[in-house]
Every structure is written in C-alpha cells, then in structure tokens.
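Chain lettering (A, B, C, D and E) follows the sequence in which the chains are written, and residue indices restart at 1 in each chain.
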Amino acid sequence: MLDHILSILIFFPAFAGIMGFMINKDSMRAYGTAVAVIEFALSLWLWFAFDNNVSGMQFMEHIALVPSFGINYILGVDGISLFIIIMASFFTMIGIASLSPTHSIKNMIITLLFLQMTMIGVFAALDAIIFYVFWELSLVPMLYLIGAWGGPLRIYASVKFFLYTFTGSLIMLVGMLFMAYFFYQATGVWSFAILDWYRLVLPESFQLWLFAAFFIGFAIKVPMFPFHTWLPYAHGQAPTIGSVILAAVLLKMGTYAFIRFSLPLFPDASVFFMFPIAIIAIIMIIYTAMIAYAQKDIKQVVAYSSVSHMGVIILGTFALNVEGISGSIFLMIAHGVVSGALFLLVGVIYDRRHTKLMSEFGGLAHVMPRYATIFGLMLMASVGMPLTINFVGEFLSLLGFYQQSHILTLLAGIAIVVGAIYMLTAFKKIFFGEVTNEKNKNLPDVSKRELLALIPLSIITVWLGIYPKPILDPINNSVEAVVQLMHNKATSPEAKMRIPNVSGLVITKTATKEAH
Amino acid sequence: MEIYLYIALFAPLVSSLFAALFTATPKKQFVGIIASLLIFTAFVSSSILLTHILGTGEIVHVELMTWMATGNLYIPFGFVVDQVSVTMMMVVTLVSTIVHIYSIGYMDHDSGFNRFFSYLSAFVFSMMILVMSDNFAGLFIGWEGVGLCSWLLIGFWFHKESATWAANEAFIMNRIADLGMLIGIFLIYWNTGTLQYDGAFAAFGNLDQTTLTLIGIFLFIGAMGKSAQFPLHTWLADAMEGPTPVSALIHAATMVTAGVYLVVRSHELYALIPNVGLFIASLGAFVAIFAASMALVNRDIKRVIAYSTLSQLGYMFAAAGLGAYWVALFHLMAHAFFKALLFLGGGNVMHAMNNELDPFKMGALGKTMKGTMIMMTLASVALAGIFPLAGFFSKDLILEVAFVDHHFIIYTVLLLTAGLTAFYSFRIIALIFHGEDRHTALGHHPHEAYKFMLVAMSPLLILAIIAGFTMKMPYFEMVTELLPATEYHIHSHTTYWIMTIGTQLFVMLAIFFAYKKYMCSSVKIPDGTSKMENNFFYKLLINQYYIPYFYEAYIVKIYKALSVVCWEQIDKKIVDASVDGIANIFYNTGKNTRQMQSGNLSTMLKWMVAGTVALLSLAVVFGLAAKYSDEITIVLSSLGV
Amino acid sequence: MLSLANVSLESLNLITLAPMLIPVIGALFILVLDIIKGGLDKSLYVVISILFLALDFGALLESAGAFSKDGIMLGVFDVMLIDGLAIISQFIIVVTSMLFIPLALTNKRFHEFSYPEFFALFLFMISGFQFMVASDNLILIFVGLETASLALYTLIAMHNRDKSFEAAIKYFTMGALAAGFYSFGSMVFYALTGSIEINQIAAVLEANNYTDIGFVLIGVVMMLGSFGFKLSVVPFHTWTPDVYEGSSAAMAGYMSIVPKIAAFVVAMRLFEFLIHANIVWLEVVLYALVVITMTAANIWALVQSDVKRMLAYSSISHAGFVMAAILIGTTQSNSALFLYWILFSFTNLGAFSMLWISRQKELPGYQKTDHSFEKFSGMIKTSPMAAIVMGLFMLSLAGLPPFALFWGKIYMISSAVTSGYTVLALIMALNSAIAGYYYIKLIVFMFMKDPIESNIDNNGELYVANATTGLKTIIGFAIIGTVFAFLALDSLLEFVTAFVYNSGY
Amino acid sequence: MMEIGLNHYLVLSTILFTIGLIGVMRRKNLLLLFFATEILLNAVNVGFAAISHYYGDLTGQMFAFFVIAIAASELAVGLGLLIVWHKRHGTIDLDTMTSMRG
Amino acid sequence: MFEAVAFYLFAFLTITMFYITVTTSQALYALSALAAGMIFISAFFFILGADFLGAVQIIVYTGAVMALYAFGMMFFDTTREVKENHGNQYIVVGLGTLAAILVVVIFAVPMVSTNMQAFYPMTEGAGNTEMVGMVLFTKYLVPFEVAALMLLVAMVAGIVLAGKKMDLSLTLMNAEEIQEIEDQKNKKVLS
C-alpha cells in the first residue's frame, strides 16, 4: 500500500467527495470530519514511513499517461513537500471539524474534499503537467467556496481570484511547454518529468526567459507585489474555512513551486533575479504591513499580514543557501499554521457578530478571555516571537538572506517591527479598553467545537517553535540536495559564487555538531 | 549541579503554568503563595549554584536539546552558569521572590490576581533564559520573552487606554532595537559560523576591525532598546502604567539591565573595539544626566523613579563602555536592590493614596506610613550614594573608573548627575512623607501596607544597606575569574580622599537643598501659574524635551498617514485599479464594438466584402512590391534609406 | 475523333466512395420509407440514421485500415482522395453526427423532427461533408460543400420559428456570397495553373516558382473569404452568433463542430502548401486573422447576455485558436488541430446538449432569449447534477485541466512553441485567460447566485424539461469524453499523428 | 487592343463580379439580392469559359457547368426560405429581420 | 476582328444589363435585365466555343431560373416599385476601390505562362458537346452525381420549406395545443 500511498492520499478525498453526494445532509459534517481524519491519519503514516535520511524523492509512482508527448503520472515526496502535504490534510481536517453551521453544508464539505485532492496533488506531483493539472484544478473549488459562501462582494472577489491566477498560470504553462521543448531538443524525447528537467543545463539567456514565464505564474499565486491585490478581496470575502485554507495551503503552492521549479531549473536566472526579487519581497514586507496597519477590517489585517509574511518566505527562498531555503520552507508551514489559526479566530467573532470591523469591537478581553488568550498567542506567533513556530522560519530565512545582502536583510528585518505595529494595534482595538458596544457585552467565549480546531493549532505553534527538529531535519536533507544541484548546474561564475557548494560544507557541519 | 540549574530555570515556568491554570477563575490566594514558593525555590537553587561556583570556580554548562539545526547552523538549548550569569540569576530570583510575595498583598483586590502571577512568573522564566543561555540565539529568546511579558504586564490593566498604549509602545520600541540585535546575530553567524558564546568569542580574534565594530554596534542597538537608552528611552517612563510590582521587577531591577548584561557578556567583543566602548560610555553618561534632568521636575512618583533608573542605567553603560565590566555588573546588582525597594515603597504609597501619583498631592505621609518612609528614605540614600550604603560603593566606583581612565568629561557629567540624583530622590521623599498634609483635603485616607509586604521588602532594605561594604571585594574576586580584573584605584591618596569626600559633600548638599525647598509649608499643588512653571527649562523638562511629541508628530502620525496613503491611494487606486483597468479595457472594448453585430444582413454582407477588399488591397500592395522589388530598392536607396 | 474511354473497374477504386454513399443510401431509404408508410415516429428515423452512420463508421474503419497499409488512395479518376486527413475528419464528422442525432429524441415536440425529410437531409449533409473532405478537386469540394450547406440551411429553417428563418436566410445569403468568392478564387487558380486539383496547382506553382505572386494572392484572398466564412473568421464571422441563436441548441452545437472540421481540412489542403512555400504575405495575414479572430470573438463573448450566443462567440474563438495550426503548418500543429477538434467536439456538444435539454417553449418574463444567463441563476440549488455537468463543460471549454480541451490546448500551444511562434503561443495562452471570464460567468450564475422564485417552486424542472434517456445518454458520453479524455489521449495522439504525417502534412 | 486575349475576358469577369458585389451590398430586397448572387456566379462562368478556351482545356467548362447547377439549386432553397418568410411577415426586406444582434 | 466587335458589344450589353439589375428600383426591370444579361453571357460561351455550356446557360438560367424567379416575384408581389432603404452610400466608395484595384491588377499583369499544358485537352474535330460528355462522365462522374444529389437536396428542401406543414409550428406550440391538433387530424381521418 505504501507504494501507492500518494495516489491514495490524493484521490481518497475526491472519491469520498463523490460518495458524499449520497450522504444525508444532517450527517454530512460527521462524514466530512471522518474522511478528513482518515486522510490526516494517512498523511501521518506517510510521515512515519518517510525516511528522514534520504534527500531524494520517496514513494515514487510512475504511470504512463501520454508517453508520446512525455506526460506521465509521476508522484513523489521529499522533505520539501512532505510537511506541506501533512499541513494540507491537517487544515482540511480541522477546517471541517470546526465548520460553523452554514447553508448548504453538504456542498461545502464536498467542495472542501475536492480542494484537498487538488492541494495534495500539487505538492505530490513530479510531472509538470500533472502539477499544472492540480494547480489549476485547485482554483475551482476555491472559486465556489468564495463565490457561494462569501461576503457581499463575493462574486467579484472569486472571479478576480480565479482569473488572476488563471492568467498567470497560463503564462507559466507556455514556459513549461518551452521547457519540455528544450528537453526534447537536447535529448530527442518529450518529457515533462521534473526530475528529468533537473538534469538539463540551459544557457543563461533561455533561463532568464523561462524564469520570467514561471515567475508570473508563481508570483500571482504567492502573491507577490504588485500582483497581490486579489488576495485581500479573496480573504475579505471568503468564508472562514476558505480563508484558512487559502492562507494555509494555497498560497504555499507559489512559494513551493519556486523551490521545486525555479531554483533548480534555472540557477543562473535565480541568481540574476535574486536582487530584483528580494526588492519586491521587501516591498511586500513593508508596504503591505503598512497597508495592514491602515485597515479597518480585522480579516483584511490578517490578509495583508499574510502577504507581508509571504515576502519573508520569498526572501528566504532566494537566499539560495541551505539556511534560507530551509527557513522559508519551515516558514511556509509556520505561516500556514499561524495565519490559518488567525483566520479561524477571526471567524469566531464573525460568527457571533457578523461583522469584522474593528471599530465594532473593543474590550473583548473582558468578555472572551479564552479567546483573547489564544488570539494573543497567535498574534505573538505572527509577530515572530521566539519559541513560536514563526520565529524559526523567519529567523532562518533572514539569516539565510543575510549572506547575500546585508542592507536588504536589514530592510527586510523591519518586518519584525512593522509586523508588531499593525498586529498590536489591531489587538488593542479589539481586545483592550472597556466594552463599549452593547452587542459585545454578552458574547459567548469560544465553544468546544472551536477549541477543537484552535487548541491543536496552539499546541503546534508552541511545540514546533521549541522543537522544530522533526520537521527541519528532513527539510534540511532535501534542501541540501537542491542547493547542491543548483551549484553544480550553475554556469555563470556569479551564480557559482552565490550558491554555496553544500558538499564542501558538510564536513564543517559534522565537525560543528561533534564539537557540541 | 545540573539539577539545580534546571530547577532554577524551570521553577518559574512551572509557577507560570500553574498560575495560568487559574486565570479564568476568581482570585485564589494560594496561587500567589505557590507561585512565590516556586520562585523562591529558584532562588534557593541559584544560591546553591552560587555557592558551588564560589566554592569550586567550576562553570556549569549543559545542553538540553537541539533547537534549530539546518545547513551549517546549529543552535541548541544550552545553558551556562558562570560567574556573570549567576550574579544575574541571584538578582533576578531574589528580587522576583520578593516582588512575588509583595504582590500577594499589592494585588489583593485585583480581579486579575491569578493572571498577574502567571505573567510575572513567565517573566522570571524568560529572564532566566536570557541570562543563562550559552548562545546568542538563546539570549534572543529570553530577550524577546521578557519583551512579551513586559507587554503583558504593562498592559495588565487592559481596560486602561494609556496602559495598553504604553504596552504597545514598549513592545514596538523594543522591537526596533531587537532588529539591530538580530542583525548582530546574523553578522556573528556568517563571520564565525556559530552562535555559541565560546565559539564566537574565540573566533572574534580573527575578524577584521570593521566587522567587529559592526557586530558591536548592532548588538549594542539591541541593548539600547531593552535598557531604554536614548533615543529609545520614552517607553520606560510610559511603562509605569503597569502595576507597581512590575515596575519594580522589570523596569528597575531586571529586564532593563539586560542591555548591560549583554554588553558585559560580550566583553570579549567590546574589548576588541574600544571605540565602540567609548561611544557606549559617552551615551551612558549622556543618558545619565539627561534622564536625571527630567526626573527633577516630574510630578509622578513612579516616573521619577523610572527616570532615575534610566539615569542609573546610564552609569552602568558608562562603566561597561569603559571596560569596567565588573563594576557595571556590581552597580547593576546594587541598583537592583535599592531601586526595587524604592519602587515597592512607591507602590505602598500609591496603594495608600488610591493610585494617586502626584507627590504634590501627598505630604506628611510619614506619620501614617512610618515603615514605608524609612525604607524609601534609606533606598534613596543608597541611590544617592551616601556612605556606607550600597550606592556609594558601586556608583562612586564608576566615577573613579571614569577618572582613572582620564575620561574627565564623562566623569564630570556623572558627578553632576550624582548631585541631581540626590536632589530629585529627596525631592519626592520630602514631598511625600514630610511637610504639610495636602492629601486629606483631597479626600485620601492613607494607611500603611500589609505587614507581610513590609517584611517581604526588608531583605532588599538590608541588601541596600550592606551590599556595598560586605560584598564588593568577594564579588570582585568571584566575577573577575571571567571578566577582566582591572582594579580602579586612584593612585594618589589625596586625590582619592578629596574626590570621595567632595562627592559626598556635593550629594549631601543636594539632599539638603531638596529638603529645604520641598519641606516648607509653602509647597502648593502646582496649578501652572507659578513663575517656575512658566520657565523655559521647566517646560522643556516636564515635557521630556518634547521628544515624545516629536515621535508622535513626526513618526507615528506620518507612519499612520503613509499607511493610509499606501492603502487608499497606491494599493487601491494604482495597483488594484490597473488590474481592474486591464480587465475593463477588454470588457468595454467588447461593449463598444458589439454594435458591429447589428443583426442586419446587409451590414454583415458589407463586412464580408470589406474584409475581402482589405485583404485584396494588402495582396495587391504586396504583389506589386514583389513585382517591382528591384525598382523599389533603387528608389529607396536613392532616397538614402 | 474521340476514342471511347477505356476504364477498368479496379482502377476506379470504387471502395473509396463507400463511406460517402452509405449515408446517401440511408437518406434515400428514409425518403422511400416515408413514401411507403407515413406518420412514423421520429425515433425510428433516429435509429435508422444511427444505423447507417454506424455502417459509415465501419466503412471508415475499412478505409483507415487500407490507408495505414497502402497509404494515400486515389479513386474514381483521381477525383477521390482518401488520405489521413480525410479519414480522421470523416471519423469526427460521423461520430459527432451519431452523437448529435439522438438529440432529436426530446421530451417536447419540435417542428423539424416531425419530418422524415429532416433525417434524410441530415444524412445527405453528412455525405456532402464527406465528399468535401475526401477530395482535392475544387469542383467536388464545391459541390460537396454546397450539398451540405443547402441541407444545413434547410435544417436550421425547419426549426420553424421566426428566428430560425431569419438565421437560415442570413446564413444562406452569406453562403451564396461565399460561394461566389470560392468560384472566383478557383477561377484565379485555374487561370494560373490550368488545373483545379490542389496538388497539381501546388506542383505547377512550384514549378513556376510563384512568378505571378500577385495573382496567387488574389486567389488566396478569395479562398480566405470563402473559408473565412465557413470557419467564421473575423470579419467573416458575423453570421455565427445570429445563426446559432436562431437555430435549436442541438443544431448550433452540431454546426460549431462538423462544418468547421470539413472546412478546416479543405483549408489545410489549400493553404498548407502555400505556407510551406514561404509566402510571407499569407503568414502575416493568417497570423493577423488568427489573433484577431481569437481575441475579438473573446471580447464580444464577454458582453453577451445569452449563453448560446456566448457559446457561439466562444466557438469562433476556438476556431481562431485552431486556425493557428494551419498557420504553423507542422505535423505537430496539424495533429494538434485534429486532436483539439476531437476533444472540442465532445465538450461543445455536451455544452449545447445541456442547453438543449433546458429548452423552454414559453419564456418567462425575466428571460429575453432562450438561454439567458438569468435562467441559470442558482441552478446548483434546484438541480445540482445538471449544474455540475454544465459547470464541467464550461471548465473544459475554459481549458482547465484535466478536462478534454486542456490537452488539445497544450498540444496546440506546444506546437506553436516548437515552431518558434512564441508570441503567438503567449497570445493563445492569454486568450484562454480572457475566455476564462465568460465561462466562469455562467458558473457564477449557476453556483453563486440565488435561484429565481419560479424555479425554486418547480424544483429546477426547467433545466431538464426536455430531457429523455436518449439525451441523457448523449450527455453522459460527452461527460466521459470530457473528463476522461486523458486516458484515451495517448492512443488518440498517436493515431492522429500517424495519419497526418502519412498524408504528408 | 483589337486582339481579344484572355485578359480581356478576365477583366470583364471581374467587372461583372464587382457589379454583383455592389448588388449584394446594396440590395435590401432579398429577391433582388439573390439576383446579384446570380450575377456573381455568372461572372465567374465567363472567366472559366475564357480560360478553358485559351488553354484548350475542358476543365473550365466543367467548372462552369457545375457552377450553373449550384446556382440553380441554391435558388430552390433560397426561394423556399423566402416563401416561408414572406408567408409570415408579408415582406422580404432584410431590414425587417434584425431580431438578433449584439 | 469579328471576335473583338462581338466581345465589346456583348461586354457592354452584359455590363449594362447587370448594372440595371443591381440598381433599378423596378423589380420587373431587374428581372428582365438579369434574364437578358444571362442570355448575353451565353453569347460569350458561343464565342469561346463552349457551345454546350452556352446551351445549358440559356436553358437552365433563362428557362428554369428565370421562370422560378418570375414565379417568386408574383408570389411576393414585388412587381411594383421596390422601396429599399439604402442608408450609407459610403459603401459605393468602397466598391469603387475594390473594382479599381481588381481591374488595375489584372490589367497590369499579363497573364501567366503560355506554355500551359492542358490536363483535359480539347480534341481536334470533336464537337464540344461530345467532348464535354466524355469528360463529364469519366473524370467528373462523381461530382456530377453529387450535383444530382445536391439538386435532390434542393428539391427536398424547397418542398419542405414551401410546404403547407410549415404553416403551423410545433416548435412554438405547447403540448396541449399539439395534442389538440393531432386529435383534429385523427377525427378527420376517422370521419
């Protein structure tokens, strides 16, 4: 069964979703939860079966689909994708479990299960076309989620989300076709398999163009400045569960794709574009943090903060060294957990008051102390308090990039200041002060169902903040392999210099470890 | 010994978590008691470690587990108890034990009693991590942890706007400094390959001066934030919005001294870059007099004490900057005792006066609050540096250091500050405890604090009195195992005596002046009419040199406005609008050109013919061009194309 | 004096005529049957048509086998040309027709299906298309084209309401003009080369080294006008939306596929050799036409308020997209054309069938046209299965993976990429993005808006009012073809590539 | 000029074709519009016959022959459509048929 | 010489006739002019030696097509003046351009290589009809048959469209109305 566990992980939710049509409406939530729990258990099994010492792909599956055009169904995970897959299944699980009563819940749960399929598919795919299939397919359930259960501007938001990402990914598709064509020219065989592409060393001029094509697709998904404007609408209008999954998993597709495609395929271009991208990342960090500060709606604050954090992830990715990339992958998970939790928390008060305007609240710490505590914890995680999950990622990302540029890291580091500014201000507006609004006087504190989602997240937040090793180790192994690959493939001397030779470092590393 | 290390470290955590269990329930007396006991346990463990170190001189170093390890980076949870950290551990655990006990009484009527203990113990835990860590990353954990707890505790009364504002201000300002520290850490990592103190310090010898200077500066920026040095000092005065025990523990005795601790801890670095050291010392001296000047006129007891803390931190930095690390540490310790005492006493007064903080509205409290009066007076004496109390030994030592090192400007400034210190300390003592009774008229009926609170404060009192002459030499012996053992003696005895006695006289004169001015019956509650209040310097001082206003007007407001502009103007009107604009171009083009499809067959036929005609004309042009290509070339070339 | 022609029967290779003759026989059979016994139910005719089409399919298999063995076949004095293109396109024509004809089995009664002649004309039309694709003789192409077109005009008109007559007349008139262009174009080619067989035209022009390029271009322009009309290339497209709107949804769906593939094959035969002769003018003009057709049609589709009209514009855009294959002119692109069209036929037929089963006879007040967007508001709530199926078709049309059209799209774009048409590839990709909007618009209506009162009351009755088992089966086929296309893709691709390659394209 | 060559016929054919096109575009009455389409086809026939003659090749005549057949059958269908329309609307002016647009 | 005179004469006549056809507002004139034009065209065929084609032209066009049009005209009652709304006369400009371009181009370029080899050459001595028949029933047998098919289609189409059954539209009637009509029909059959 382990031979096909990835396929099972991908298609089990979809199959369960189809079966879900037969379930009675009242039992739907239980069914959805059960499926998600099974799926999560499977993903945990994947983790247990995962060999931490292997840096390459594991659980590979290979089924010929269109061999004459080089499209094959290839799956596999390594340390980079493993935890994002687990996170996807985890968030679907707690998302469904904590779903507040809503209309047409059956449709919603089926949609979520399909969404889960696409999410896991993206991270498990090792064939560019299969990757693209899931990548695009993930738009549809999300479109429906936002459009059907969202706020007043939901249709605008969902269509904007869809078209924006769709446009970007079509350009990426052209890039993929080019890549396959280059592979064909070099080898005489069509192939879309990523591992095959890794073997291809492209001249720098080609790399630059292809990098740009892929970049547009990924950048819109991430979303990077100035392609980010769909995100506040999507988040602002989406139902809680939609925002949670969007922030926790869907945005990670972009950053994951950078590491899976852009870096190893185009090492020279990565070095060439490193500084422009770093500058964009810094703009994302500071500019969106400022915008977050100006928001009146809590959810928008969290939404913009997402963009800001994604900036740090991008920065870490383009550090092009093991520390930075590992950090950015870890931060993907961390940001997933934290912003997912924050969106869930926003959902809690939205369910009670049906408004997200901060001016409507104030003094909630009196009325909902437990809620305030959890919110406070997540807030601190969000601003990167050490011993919370976010810090590890942010620290490593910034640390990594520091090797490339001191000044830019200093600028990016402003993240920890501006992040604190908008988060604390928002927290103050919502929780501190006297209860001024009559409607808030008797708000019930978090319910058991909500705690069901929030407690595990809180535990993870702290646990991985204190002990990130179980996750960091496998990530590290795979990232080292990627960085080594990049180093070996790099053609320009500049790139050779910028991308460290990992195998040269291994000796010193073991030495350091022994020293302790 | 490791077990004691763990006890000292984790007892506060247990305490915090234990108290946290009861945060949602109403006040439980035993929560406070058990928390205090646990902290006391930590104190005892620290003491055992101290004796161990004193006895054997052996450093206790443990590694609990790996924290972060990736690529070349390896950061463990490692803890070290050596002569420096054990000093801090003692100070921290002792003061916090006392503050915990004191708080049982002070927070008696507060609904957030249990929560308070949870926060307070959490703070102690963070502080312990800070001082015990064996690497910069661990230090940073504690660094941020104390910041967090400080935020929680300043904003403890979160219904108060000013409290939450102050909490946020403190946190954000600290964050700015922390960024500097973070950069310092990055620099250390990329230059030495490790963040362990021993490894990094060992590698510093091989680095060039520029890098070292950068590291030193960035680490010191971190220290500036935590220790509220200029220009990041405004948060400390505002932090007085928190409960008084918090001020005593965090904003006087422990957290704010973390900056000094960092500099002392990194003495091997700063020893290599004396220029930075001199800068630190100069800044310290400046802050000393700068803060003292603001304390002169302030009308809030706690703020006065806060400024005095700031001023004393300036002293410590002056010492540390001049390379007298052990002196700085010694003053840190002594200062912790009497300053905590002063704050706790202030807390008693506040309690008695129903949270009234203006000393002009008090007067003659000495009658009802004898114990408090004695304690605060003695603490002030210690602060002023009168022989033989603790302050004399530690503070005068700093003056000597400056003198010996021939930094006479610094010396002069610090000397002046000593006078100012004495003046403002006794100004509030006089206003609170002596002179006319001004409070009854305002409806206050003060009473002395609980007995056990006073008892709890007594160890501090004792230490404030004796710490100087009993501990100076033993401490020197101990700590110089690690720190440079420079003894600062003025070689000429005459000069020494002139200086010492002169200083004492100067200080006493200041005390006398303060009593004279503020004990007389003419002291009134200022109403903004007196001549002095309209003086330029008075205004400058009472408004804290207008620095908070400057920050508000030129940083906060601008940031706010800029944020709104970014959102409303740039993000919505440029970035987003251009995306929508592109979409709209397509849509509107469709809308405007759909008329082409008029539904009239005749038009359709015309379109079809028109299309063909267009293609035909193209064809003809091309055909002719192809046919006469030679001629065209000739014509074009004759035209010079 | 003329000597008597001495022709052996074998040399005629009459077998090449078999696939075209079978539907003719079928049509005559239906006509005769009607004369013998009138008033028979339409289902009989439907089944008879399917049977004859099945025979036709069998004959095609036979030809396909022969082709893969012997290569290109000529027959009946070399007028018939059975090559890979002819076979693939005939497969598409026949299979699509087989899928289309059961759409006559509606629940409601519509005028055209009460005529046996409808089915006879339908079979004649198929035969006409088959002749058209299976020849490179301009006369036979012309006659086949006209046979099919005349039948088609009638089929549209037989829906028997004002709009359908209007549509038929518009289509007819423009068709007549296009016929004029076609004959003029043929005349120019004839004047140039003395032949009206495409391969000979090509050979002669080649031999003359295209000396009279101006004349060639005039011929090309006329042919472009004519086939531009058939393929609805902008600005010759103006009939398309009106005719689609006027005819029944089923017929519209059929029209979006079969006549176009026939026209594509002829266009391919006609223009490919010119493209290969590096006639820059043609490349530039085709490039412009392709881009304009794709983009303009997309833009107009954005603003439509009727789904069928929107789909009409979308099919114009798809045709423009596919036209790119002729411009690119490699084996890969030509294979991509067929692959795309096969996949497109399933999806588009499905989409139009979904419209067809929701066809009402009396329109409620909020609905101005047969299939206005408002009609589909909140469909997911009243009739979820139908909404999901329709949504699937829309997503497939939008080119969302893994649905059918996506594969055609990537193969097509890939062929552009491979031949160095990078900008074209990007334009194609971006056009897919624009197209995304209007397909999503229908999904928005179906899934995100609230249903209109009356539709809640009758429980979504209207969306399946016209449905019968037959129709549902067809939609089922379309879904399978749309969703599981990727399973058949490899064999399909190999088949198409082999046939196209072996035909010399 | 007096020697009538192929080009003369082609020019004539073109002129006639153009007249046909003018008619197609100008006529609003459908019946008269159909006349114009007949002109188009006839114009081409002249060309075909001429080319056929000058090449000594029969193909052109064949084409013309089929064009005539096509013209005739188009007429049948076209008139059928017109009759239906006229029955319903009493007019065959194409300006009346604009129910679909946009 | 004779050829030239005949050509110019008939060219002038056909152009005039067709011009009248497309411009006159009298439907009858148009019809007559068209018929005349067609006959003049057949003259070209005779000049060019395509006797059979000429005959077919006269028979089919003037005989069949014109008769049908005449019937149509009577049916549509367009014998009186036809009112047409010619909105935009800019098209005329467009047409002028088109005509000019075409004519100029064809004038400007002398046509093609003369050494064209005929694929279906005329045989010396054989009559035109004979030759045409020969080619038509060998080479063009299939198109000929298809043309027959096309005529059949046209016939069926014409019958269907113009037939009485088209008067009632089942498409527009709802189920009850259809039922009613069928009942009536059955009654008629029964009675």
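By our rule, a residue touches a chain if its C-beta (ideal position, glycine included) is under 8 Å from a C-beta of that chain, and two chains touch if they have at least 3 such contacts.
Not measured: the values here are computed from a predicted model.
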| item | value |
| --- | --- |
| Required minimum of steps from subunit B to subunit C, each step between chains that touch | 1 |
| Co-neighbours of subunit D and subunit C - touch as defined | B, E |
| Centrality ranking, top chain (CA atoms only) | A |
| From subunit C, the most remote chain by mean C-alpha position | B |
| Most widely separated chain from subunit A, with each centre as the mean of CA atoms | E |
| Pair exhibiting more inter-chain C-beta contacts, C-E or B-D | C-E |
| Euclidean distance of C-alpha centroids - subunit B vs subunit E, Å | 99 |
| Approximate Å spacing (C-alpha centroids) for the pair subunit A, subunit C | 44 |
| Cα-centroid distance, subunit D relative to subunit E, in whole angstrom | 6 |
| Chain centre separation (subunit A, subunit B; CA means) in Å | 35 |
| Multi-partner residues of subunit C (each touching 2 or more other chains) | 139, 143, 146, 150, 153-154, 157, 169-170, 173, 177, 191, 194-195, 214-215, 218, 241-242, 303, 437 |
| For subunit E, residues that touch 2 or more chains besides their own | 91, 95, 98, 102, 105, 109, 111, 116, 118-119, 131, 139-140, 143, 147, 150, 153-154, 157, 159-161, 166 |
| Where subunit A touches two or more other chains at once, by residue number | 163 |
| Touch relationships between chains, expressed as pairs | A-B, A-C, B-C, B-D, B-E, C-D, C-E, D-E |
| Subunit E residues within the subunit B interface of the complex | 91, 94-95, 97-98, 101-102, 104-105, 109 |
| Touch list for subunit A against partner subunit B, complex | 160, 163-164, 225-226, 228-230, 287, 290-291, 293-295, 321-323, 326-327, 363, 365-366, 369-370, 373, 380, 383, 385-387, 391-392, 395-396, 398-400, 402-403, 406, 409-410, 413-414, 416-417, 420-421, 424-425, 428, 431-434, 466-469, 472-473, 475-476, 479-480, 502, 505, 508-509, 512-513, 515-516 |
| Residues of subunit C that touch subunit A when the two form their complex | 380-381, 384, 395, 398, 400-402, 406-407, 410-411, 413-414, 417-418, 422, 425-426, 429-430, 432-433, 436-437, 440-441, 443-444, 447-449, 486, 489-490, 493-494, 497 |
| Subunit A - residues contacting subunit C, complex | 64-69, 71, 104, 107, 129, 132-133, 136-137, 139-140, 143-144, 147-148, 154-155, 158-159, 162-163, 166-167, 170-171, 173-174, 177-178, 180-181, 184 |
| Subunit C residues within the subunit B interface of the complex | 169-170, 173-174, 177-178, 181, 213-215, 217-218, 220-222, 224-225, 228-229, 235-236, 238-239, 241-242, 280-281, 285, 296, 298-303, 434, 437 |
